[in-house]
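Same chain, two partners: chain A is paired with chain B first, then with chain C.
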Partner chain A sequence: MRRLEGLKRQRFIPIVVSLILLIFIMLFVSLSTGVIQIMPMDVIKTLMNNGTDRQELVLFDFRLPGIILAILIGAGLAVSGAILQGITKNELADPGILGINTGAGLSVVLFIFFFQNSLDTSSTLSIFIMPVFALFGAVFAAILIYTIAWKKGVNPIRLILVGIGVNAGFSAFLMIFQLKMDPQDFRQATVWLSGDIWNANWTFVAALLPWMIILIPLALQKANALNVLHLGDDIASGLGTRVEHERRILLLIAVALAGASVAAGGGIAFLGLVVPHIARKLIGPLHQYLIPISALIGALLLMVADTIGKNILSPTEVPVGIIVAILSAPYFVYLLMKTR
Partner chain B sequence: MLSQINHSPILKILINLIALSFLFISIAGSIAVGAVDIDITTVWQALVSFDPSINAHQIIQELRLPRAIAAALVGAFLAVSGAIMQGMTRNPLASPSIMGVTDGAAFALVITLAFFPTVSSFGSVASGFIGAGIATTLVFMIGTFSKGGLTPVKLALGGVAIGTMLSSMSSMIALHFQLEKELGFWLAGGLSGTNWNSVIILIASGVIGLALAIGISKSITVLSLGEDIAVGLGQNNQRIKIIAILSVLILTGAAVSIAGAVGFVGLIVPHITRFIMGTDYRWIVPSSAIFGSLLLVLSDIMARMVNAPYETPVGAITSLIGVPFFLYLARGSGGGK
Partner chain C sequence: MKSYKTFYGLGLLVISILLLALTACGSDDETEQDETNDTKNESDSITLDSEMGEFTVPSEIDRVIAPYHEDALLALGVTPVAKWAIGESIQDYLETDLQDIPPIEWNMPLEQVLQHEPDLIILEHNLDSYEGTYDDYNKIAPTYVMKEETTTSWRNQLEVFGTLLGKETEAEEALANYEDKVATASKELEEALNGETIAAIWATGDEFFLFEKDRHSMDVIYNELGVNVPSLVESLGEAEAQWNPISLEKLSELDADHVFLLAEEGEQGVDTLENSSVWKNTPAAQNDQVYIMEDPSNWTNKGVIASEKTIDAVLDVIGNE
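Moving on to the complex of A and B:
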């Protein structure tokens, strides 16, 4: 067993390198496909600053920010899922299933609903405020779920059932507020709630980037605490970990990552659930390896889904969340049948 | 599970009669309330001496009456399905709404609209039936064939998984064939689109489905004590389960294809009924039907009043009533292990 762990640790660097390579390949594929096709050679030329104005516009102003957002959101949701699965000791935990995404979504919809007149929702200011609102919603949802599920401690099964219930409640509120919107906003909200990288521009990248740059390394730094927590509360406190304290900090990190991702990418389901499982298969359960690998796989998966969504029914753009759900729901069902 | 009180049969009949009279009052209220308020005497006149030249009578006969009846029937069907499911699986969270039924029906409906656009209203209801059946069967199979069996959490998560996948595929098809509006309308539809045709479909399915449900209600009582006991008493569990699933499919299929997403009625009502009526499903099934009707008729009135003159989807109302109850169950027996 220990030898196996050692072997997996040796595999860490090659896996990281090959994942980064795959991400770069996907970057080219994604840049060159779409409604306007651009040959891979032209992509390279344009990146080297030798393209036509039109190619530069399509690549730098439309496609590249969308792809970078996909990378950030994918990484954020995957790390969030990895942390949640670690602290709840539940392999089926995921920010989507627990209702954290819907909480963030409701908060953003309320924001659009109440400030649509006083504030242009695509203005720079509101783009920077929106992740904050999503964060409030996500934190509120998390506190609500944690409090309702609390009964002399938090049992993982109870946590998930409570999460499903809270999720349904938020969805009902969402539906009521959505129907009060005018048709344009309604359509926008519907597409966004099914998971869509809708506002692909550099301002949004700038709004999201600081969250990821701060939170993912923070999660990585807490990897050891996460490893110990995963062993169970008794062992963890025996090893001198302040269990509830560490759990709350980690929960906050996971919730913040999910909230920021939802602000930019809407309700992308199952990504945070499936990716940590794939990562665990590749590298084992130690979180200092699991978190970076999850981030990379999450980024890659969302890029692939984004590219598929843009091209499968061209010229109709299918929201990326739909593709992710169709790709990963069967795997989720498989996990569900396998676990007790 | 809630603690049960053993009432005498006379008291039980009395409670049912009181609930039934409340149901009739709320149906009358449901007919009177709306964009045009009509007073109760006019409602009565429209029913007993219909006069086509009076506008209010037309509204009542063509819009309000079928809608109120449909609400009562859909509520009854969902509640009875929930009761049968909970009794059969001995699972307090079993109910049509958490098992992907609506998403299944929507999926089949979108496929029908996309590939056979000329389909009749009866055909689209039939397709909703089939879709609801497929989704329920899938979720049941996931629960039954997985390690550890059909636990509450398996059933709920299986419903989430199948539901999300089916609704994603429907959105994709809808986007491609430009049917988003139809899909959204149907999903949020509630009861505003009901007419006499829907009532006929509901009654036809109800006669079969409710007859099956009442027919096996005694066996469900035995089954709810545990499979071993049922086998010990010489009961053919396999046959009972097949009949039970069949009646659930007919009832939820009809309800969902008429009313769209109406959640949590099938979850809450059986619990309340068990609390009042005890453990005997010969009492639970008919009482669930009455209480379910009452709940949905009242919710439908609320749906029209909350944001008048606009309608709030009735499913959102029932969810807001049902979610606290679901959380209570999840905190208690559902997640007790």
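Moving on to the complex of A and C:
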């Protein structure tokens, strides 16, 4: 066991380094593709501060914020998924399936629906308020799931089943409000709910960055608690862990990560589900390794999906959530067939 | 444990670099913007009130983008560099003038806008529909955001566009010509209709939308041409922002003498109506006064060209009887 541990640890650094390398390569590819042609050489030139004004505008103001957002959202959703799979001990858990994304989505749609006229939703203030609103929705969904699933403590399987139910309920509410919107807003909401990195600008990056900087390291710090929880409630409490207490804190972290991600990227499905699986295949189940690797893979996957979505049907943009679903749905089916 | 502390350090390093880059980018933008604003203020002085405050009209405008408001541009004799589109659907009634103009997606993706190198971008008051923010578009070209009344009233829009593009006389002319057209048309219709009523139904996706009395083209027909409103239309009240479908049963109560049925070729709804016994008993169907219009786009839009086309269509069918 200890030897295996050591082996995994040896693999950790190379995997992290190669993932970071891949992210940098993808950053470069993503910067050089788009409606406006900018040659890779010109991208380098512009990055070195030698580009034309037009190239600077496209790269720094239009493309880069979107890419950074993709990195942050991808990492956030992946870590959220990893934590949720850990505390529910269920490999099919994911903020999307549990209704946390929908809760956040519903809250944002309500925000757009009620405050559209009184508050300019593209103003700086509302950009910073939006993640907070999404967080409220996500936390509300989580509390609802947690209380309904409570029966002298929370059984992980009940947590999942209740989550699926709450998800269906929220989806229905979302539908009601969407049908009440005028066509333009309806279309916007539909695109957004299928997952779309919209309004990609530096203000949004600045609104999301603090959440990720605080929450992901916090999750990492709780890695040991997750490892113990993963052994099962009985063993965990036998080892002196305050099971419910830790579970609640971890749930809150996962929910906050998902909520903030949804505010910026809409309901990107499957990402939080698939990425922890891939990470587990690479590094095993220990969360101090699993969480950073998940964050990196999530960022990479969303960058790839974002780049594909922007270019495959150019000039029409395909919402990134749809690309993620297309890329990961086959894997999901494979997973279902294997786990029965 | 050691490795994961190294990771921590690495992460912090990356984040601090990112933050540095962020602040650097931010300050760059501000100085650039200030410079461009200064040069603009020197060269010209025409200003106009907009949703975003005072707008200084740029001195030379060749390339304009005003998505969904091409009608007003064309009425002033200005051809835009890109035309509004949602995927494949465009404003068909303007195609005679816009055939060779490339489409741009309705939500104005930034790079697509930049690709057309506009000198002026005109946007609707509700900026949420667009992918970028006002600041983003302003970095591409001077951006005029219409006030709500400019977005919704095509008359006001024509005047505002006239001032923006230095085409005030053209705007006045277009408005005057339109009033003339309305005057002669309403006289002709009054004689031909003799108090009879008109209604318009839009059939799309096997759903039916009965135009309220102030909806787009029917606003022209009822309120400007003075045609009588059937009581079913009257009972619908004023149009809301969204289109509300009407059931076939309700449609059977339609007491209009003339019905314009807007349906693209091969529309399912036309068959549905023709096979419906309740529909066959409505006065318009019994007297063979249902007219199918195969291009609904000018009926479902607002603008001087759209309104003129609608008037022509009505005169064409009813005026010559």
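In this text, the second predicted complex is superposed on the first by the 335 of 340 C-alpha atoms of A that agree within 3 Å, B and C clash if a C-alpha of one lies under 4 Å from a C-alpha of the other, contacts with A are read in each partner's own complex, and residues count from 1 in each chain.
By definition in this document, contacts are C-beta pairs under 8 Å (C-beta built on N, C-alpha and C of every residue); 3 or more make two chains touch, one makes a residue touch a chain.
Keep in mind the model is a prediction, meaning the values are calculated, not measured.
Of the two partner chains, neither chain B nor chain C is touched by A:Leu231. Judged by the touch definition given at the top, the superposed model places A:Ile157 against chain B, while chain C stays out of reach. In the superposition on chain A, A:Ile25 makes contact with neither chain B nor chain C.
Contacts of A:Thr316 after superposition on the shared chain: both chain B and chain C are touched. Contacts of A:Ile97 after superposition on the shared chain: chain B is touched, whereas chain C is not.
After overlaying the two complexes on the shared chain, residue contacts for A:Phe270 are found with chain B alone; chain C is out of touch. Once chain A of one complex is fitted onto chain A of the other, the partner contacts of A:Ile112 are limited to chain C, with no touch recorded for chain B.
Touch criterion met: A:Ala206 reaches chain C, while chain B stays clear of it. Once the two complexes are overlaid on chain A, the chain A residues touched by chain B in the first and by chain C in the second are 316.
Only residues 93, 98, 142, 145-148, 152-154, 156-158, 160-162, 164-165, 168-169, 171-172, 175-176, 180, 184, 188, 263-264, 307, 310, 312-313, 315-317, 319-320, 322-324, 326-327, 330-331, 334-337 of chain B touch chain A when the two sit together in their complex.
Only residues 1, 3-4, 6-8, 10-11, 15, 18-19, 22, 25-26, 29, 87, 104-105, 107, 109-112, 114-115, 126-129, 131-136, 139-140, 240-243 of chain C touch chain A when the two sit together in their complex.
By the touch criterion given at the top, residues 92, 97, 148-149, 151, 155, 157-162, 164-166, 168-169, 171-173, 175-176, 179-180, 187, 190, 194, 269-270, 313, 316, 318-319, 321-323, 325-326, 329-330, 332-333, 336-340 of chain A touch chain B in their complex.
Chain A contributes residues 9, 12-13, 16, 34-36, 54, 57-58, 60-63, 68, 112, 116, 120-122, 181-186, 188, 198-199, 201-203, 205-206, 209, 213, 217, 220, 223, 288-289, 292, 315-317 to its touches with chain C in the complex.
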